[in-house]
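Each chain gets a letter, A, B, C and D, in the order it is written, and its residues are counted from 1.
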Amino acid sequence: MAGGAGGTDHALERLVFFSDAVFAIAITLLVIELHVPHIPRGAPDSAYWQALAQLVPSFIGYFFSFFVIGAFWAGHHRAFTLAGRYSAKVLSWNMVFLLTMAFMPFVTAFLSQNIGARVPTVVYCAVMLAAALLNMRVQRIVTGPDMLAADVAHEDVAYVRKRGLSVALGAATALAVSFVVPVLGQVSLATIPLWRRLIARMPKGEEGA
Amino acid sequence: MAGGAGGTDHALERLVFFSDAVFAIAITLLVIELHVPHIPRGAPDSAYWQALAQLVPSFIGYFFSFFVIGAFWAGHHRAFTLAGRYSAKVLSWNMVFLLTMAFMPFVTAFLSQNIGARVPTVVYCAVMLAAALLNMRVQRIVTGPDMLAADVAHEDVAYVRKRGLSVALGAATALAVSFVVPVLGQVSLATIPLWRRLIARMPKGEEGA
Amino acid sequence: MAGGAGGTDHALERLVFFSDAVFAIAITLLVIELHVPHIPRGAPDSAYWQALAQLVPSFIGYFFSFFVIGAFWAGHHRAFTLAGRYSAKVLSWNMVFLLTMAFMPFVTAFLSQNIGARVPTVVYCAVMLAAALLNMRVQRIVTGPDMLAADVAHEDVAYVRKRGLSVALGAATALAVSFVVPVLGQVSLATIPLWRRLIARMPKGEEGA
Amino acid sequence: MAGGAGGTDHALERLVFFSDAVFAIAITLLVIELHVPHIPRGAPDSAYWQALAQLVPSFIGYFFSFFVIGAFWAGHHRAFTLAGRYSAKVLSWNMVFLLTMAFMPFVTAFLSQNIGARVPTVVYCAVMLAAALLNMRVQRIVTGPDMLAADVAHEDVAYVRKRGLSVALGAATALAVSFVVPVLGQVSLATIPLWRRLIARMPKGEEGA
């Protein structure tokens, strides 16, 4: 039956490296969905400003997704800092989580080109929720008995998990809102810090139900 | 004649790094073949859902190829964990193997836009088979006398090679099926775990014919 | 409240790695905005040369932005060489700075397709100025008390900060010029070395106002 | 005047990393210039094979450039294995060299869509020659007094430089041929191994004129 890859630090590093590369590529690829407007030569400045103004929803979607991927990267970063050894258990979950990140350019472009429409907003928020739940699953394995480094304080683990939970609750809120008032769907992701504060008040050890 | 690069760990690391980067880019680039549907402003929700429904074959192709590249990456990962030193012999084979990975966005898009058609399925499965055979070749060098680390158990090597063989047999099955019943071609890649179990029953040391 | 990620070298390395990956992807993605001209089969050589000649503004924009991103990478590189430990304070500023780098393919294409027009030049120079200011902010944190390595000479810190300031002054000059004489906007970035010399004459310790 | 970045191993690693990332992205981005043919639903198999047949020049160009970038990466790899410390002198030359690599997707697509035409072949070979000359320059710095590791044999340096020279001579041959018989331009790059053998016979120490 033989375990294949030994539980070495090297395997952990390579997993982290691969994940970082996918995050970095996904975040940088977002820009290719921003299509440069074609403006006839000699047009007045106002024509250029108008063309840019029409791209504002695309810019907002771009910036928003840039920080969403960045925030997920930072959370991944934070969780893996606590890991001391590799476990094959994290591989598949991490891959499915990365799929949601790599998928962001598509849902971002779909939303940006249809700002205010219900379906693209619902799809965007649903992918966010899936990412948040998968992120929680990965964080749970990384900070679990198979991977956690020996010298990590319990409160550092709790902090990582609480942040993960707050993102999932914020995404769930945004998904619910996007069904009813699409235009407020994305904005509702701003409830994440509120959820974080609420969870921070939960008694110790309860956060990981 | 002079050997050029010394057989140092550093050369091994840089090869692994380069390979990981190609895997990560290929897996993340898959998304650019998913074209965002253009839907007129003010269209009902049903128009959006229909547009997404028409993209379902593209989504399936996307997810499928994402996990194919991910699985090849994991196998590459597993094999190189067993290597202890660099050998120039692996360089060319690894490069040709990476070519099949980098080529995946093309064959995926070709298949997704022509789901059920014979030729795209055959091409997809043929590239898979080529990838699987090249993967076996790379694994054989990495776990061979030139590169294997000193302290690796024989059964770990056998495990890696058996997995490599099962992927090749699954891809060969899929290629054969795709000629006869195209729509079942991709599905036949699901025979990989069956092949793995079958090979696991083979007597020790026979797997590497 | 617990700090989450410990201030380890590993966290610093991962941040540098992620940043490098974004720089590398942004710089390499620039090429996809260069559209290959379609020339009818059997056309004379002159038709090809003319098609290339029409692309000259795109080539100039491409090369220019390649070296802009390269220069910002080198500056980032130089600053982080002085860091000895990680601080969470740098994370958000670094992410916003990376956003300006990832955004370069868009502003480059917008400028290249409208060479000499005021708005695209202003937008390009404004993004450059934003990048330069964010770069200064990141450099200040990296060479500040939270992150600076123990054995770094004061003059190395001063050198990094002066370079950062000269880029910002050059970008501000270019932005001002591009409002008045658009076609000279980009060229005015060539004042960066002049600003650098001017700043080098400033009395020690004054550069970081 | 202060040197800024110290001549540490870390700076060398980061430069190698950045270069590897650009190589990996350029090599993987080649695929986006392969456009998937649109074939009407229900078309016979022959229509698919014909569509693929029409893409053969694109496939050849793709494979060729894949191995060109791979070969330059391997040469870069080989040279930097000999370096023991960082020198700021290599930075700019390495960046200009990387520019030629990042530019490959454009010249490849230009050549593939115009197989046999003089101008695209000349442009392709000229970029190859520029890459080869810049590669030689970078190798010379890396294996020169500022960067060479202490324990490197003189013949390893000679080997790296001879390979670099043979690539430049092959590219120069291809460029000359492509002016006269365009269709044989790319094929003439196959003279590289011939040049390598010829140079190998040169008396020791003469290769670096």
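Definition applied: contacts are C-beta pairs under 8 Å (C-beta built on N, C-alpha and C of every residue); 3 or more make two chains touch, one makes a residue touch a chain.
Computed from a predicted structure; not experimentally measured.
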**Item:** Centroid-based (C-alpha) most distant chain relative to chain B
**Value:** C
**Asked** chain B and chain A are one sequence twice: same or different residues at the contact, by the over-half rule?
**Response** different
**Prompt:** Hey, how far is the Cα centre of chain A from the one of chain D, in Å?
**Reply:** 36
**Complete:** Cα centre of chain B to Cα centre of chain D, whole Å, reads 26
**Prompt:** In chain D, what residues contact two or more other chains?
**Reply:** 17, 21, 25, 29, 32
**Asked** Which two-chain combinations qualify as touching?
**Response** A-B, A-C, B-D, C-D
**Fill in**
Touching chain B in the complex, chain A uses residues 2-6, 8, 10-11, 14-15, 17-18, 21-22, 25-26, 29, 32-33, 91, 95, 98-99, 102-103, 105-106, 109-110, 113-114, 117-120, 123
**Prompt:** Residues of chain C touching chain D in their complex?
**Reply:** 16-17, 20-21, 23-25, 27-32, 34, 36-39, 41, 43, 45, 48-49, 52, 62-63, 66-67, 70, 73-74, 77-78, 81-82, 153, 155-156, 158-160, 163
